[in-house]
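Below you'll find a set of structures to go through.
You will see two complexes here that share chain A, one where it goes with chain B and one where it goes with chain C.
And now, the complex of A and B:
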């Protein structure tokens, strides 16, 4: 135990470790807040689809040799999120089919572009790092850290400010619309926030594992708590705890960061499921 | 409850942003006394301590050259390792080497000790040697070129490509012009395998 603490003290002196922990906390907080809404609205898979869009956008950024591709990725992902959430029942391609189409389409085009224009000599490494977030969170620049912090503050502020509206739209959209809530506007806001979270979370766990970061804390919290508020708070705490623990384990044991965080999320989900069964909590 | 949520969120964000602080605090500037390491890690984006702590005799013994004819001044410089990558986990090594690539000016002149896979390549009539480190998923790799202090002959005096090596050398960079474009390369000079 002393050896681990000494190792942690040594690693703490590296700026990129401190940046990773700070950004990890912010991203996990943001993703967990909206995670509850997404799970309850049956939108869990949209996060996955948008993360693939973000991968495609990142590939375009690489081909264009952009030093900071985050603004471009953010713009394309937000547009896709709006497109996905605004397609109503009258659309020719509906719901999950639209998500699947955009998801695999963006993934394929992204990989094709990277392959054709070969932005670096290590294509498989670039793709692997983007998909699984092997060490992305530990290689952030100061600018990226600042951008992550600013976007996270915006996301949390938007969630707190629109909390009641998001709550209304999440549980009963038709009732909310009947009572005068502009559901389209709030769905649009939710779409933008989701897109921002996806782009941020790509740094932490990679684009293939983002859904885990969004849904696991929410599902774990639902095993034990009943109200929207308590589930959201518990989900935020769980998500931050899992991210911190995952990052620390990965730097100590030399494991990939993204998959280690998700593994911790899975373990905690089973712990909370068992705990929920014992105390008779709600099973969502 | 709403107040509690806001306070919790504000506290979490404050704590996480506070972790991005600069190296101004004396706590960060000094190596903990209890630490087994006499070697402070280089802080690429922050102030590098001007004086490197003196290593303990039993630990410097590991770095003593076995059969080399390195000049006394070079030998003295190599006895103190500023960036010891062999003590870090694979994830940390990859990240630290990435930082070295990203901000090389912070590391120039520092003695670096690294463990990785030996690689060699003929480039423009010159044989180049490198030590490659991989990340935890083994799909991403970073490498550092090194120039041996001694005049060794390839392949007789070098290990097989892909063999594990530990190299100690002084971090430096050099510029090369190719088709009118200047490229900066990073290298460990006066290197030796330990």
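And now, the complex of A and C:
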């Protein structure tokens, strides 16, 4: 035990470890907030689709040799989120098909671009780290940490401000629309927030595992808690806890950060499921 | 002036017309039942009046200071709600959201009105419970309390008793009648239950191959009613 603590204390002296922990906490907090809404609105795959778009955008960024590709990635992802949601009911290609098309398309084009133009010899390593975020969280620069912190504050503030509206729109969209809630505007805002969260979270777990970060804490919390507020608060706490634990384990054991965090999330999901069954939670 | 006046409405979607040239009006204090076979356009009519879709032609006018977003609405349950973690209190309070605009939180007055509506539905003992764990009848009361938060004038009920057992159905109808009589809330109800329409409604709108609009007595005496009620549910 002391050996572990000493090792942690040693690592704590390195700024990149502190950055990783700070960014991990912020991102996991943000990503958990809209999880409940996404799960219930059957939007789980929008997270997946958008993260692949972000992967494509990152590929474009690396082809163009951008040193900081976050603004570009953010812009393209937000545009895609709006495109996906605004096609809505009257589109020729609907819902899941549109999401699947854009996500797979972006993934393929991104890989193709990297393959054709990338200067680095270690292509599969690059792709792997973008998809699974294996090391990028440990290589964050100070600017990236600041940008990430600013965006997180924005996301949390927006969520608090729109909390009741998000609830109304998620619980019963037609009632909300019929009684004068601007559901289109709020769906739009939700889409933008999701896009921001996904771009943020790509640093932490990479684009293949983002859905896990968004959805697992919410699903775990829903096993046990029964009001929207308690589920939201619980999934935020749970998400932060899992990310911290995951990052610490990955530092100590030398495992990939993203997949370790998701593994911790999965374990906690089963713990909460068992607990929920015992106290008669979700199955009642 | 009438609360709601529909003039020469043509309804439908994707360019396909379901209802042609429909005109009727609802006055303050009325209890209007909309009946008709499946696919006759009852739900389309309701969605149009609620402003969720546009009429192909014709217009909907409101009077007596009613704004279109002041219609309390009891929708049919959606699949999302079956696993939604929400307390009764949160659901009822969300009825005020339409009146909030950009204001992020509910006011004290709104919370008190929500409490009052919960009491008037007789569900104050459930207010901390989880919505999805309630029985069908209890859930309908919660949604009715939420609808009352959105309006004090006009309630639009979409098949409020579907899936309820006979005893709970009767309770639900009594509750709606009480709202109509005592709180003078105008009620528009879509229903398959022609017997209930005959017992409670003041006016009937029958849509389908033949269209009828008028007071209940006139509907009872018309040929359409007997066609539709040959099961012998008229009183």
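FYI, the second predicted complex is superposed on the first by the 281 of 284 C-alpha atoms of A that agree within 3 Å, B and C clash if a C-alpha of one lies under 4 Å from a C-alpha of the other, contacts with A are read in each partner's own complex, and residues count from 1 in each chain.
Everything below uses one rule, namely that contacts are C-beta pairs under 8 Å (C-beta built on N, C-alpha and C of every residue); 3 or more make two chains touch, one makes a residue touch a chain.
Just so you know, these numbers come straight off a predicted model, no measurement behind them.
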Between chain B and chain C, point out the one touching more chain A residues. B
Touch check for A:231: first (chain B), second (chain C), both, or neither? second
Touch test for A:255: chain B only (first), chain C only (second), both, or neither? first
Would you sort A:171 into first (chain B), second (chain C), both or neither based on which partner it touches? second
Could you say whether A:163 touches chain B, chain C, both of them, or neither, answering first, second, both or neither? both
Counting contacts the way the document defines them, which residues of chain A are shared by the two interfaces, the one with chain B and the one with chain C? 160, 163, 229
For chain C, which residues are in contact with chain A within the complex? 47, 50-52, 67-73, 75, 78, 80-81, 83-87, 89-91, 93-95, 97-100, 104-106, 129-130, 133, 146-147, 150-151, 156
Applying the document's contact rule, which stretches of chain A touch chain B when the two form their complex? 6, 9-11, 13-19, 21-23, 25-26, 29, 122, 124-126, 128-129, 132, 134-135, 138-139, 141-142, 145, 149, 152-153, 156, 160, 163, 229, 232-233, 236-237, 240, 250-257
State the interface residues of chain B toward chain A in the complex, per the touch definition above. 1-2, 4-6, 8-9, 12-13, 15-17, 19-20, 23, 28, 31-32, 34-37, 40-41, 43-46, 87-92, 94-96, 98-99, 102, 135-137, 139-141
Name, in rising order, each residue of chain A that touches chain C in their complex. 36, 40-42, 160-165, 167-168, 170-172, 174-181, 221-222, 225-231, 282, 284
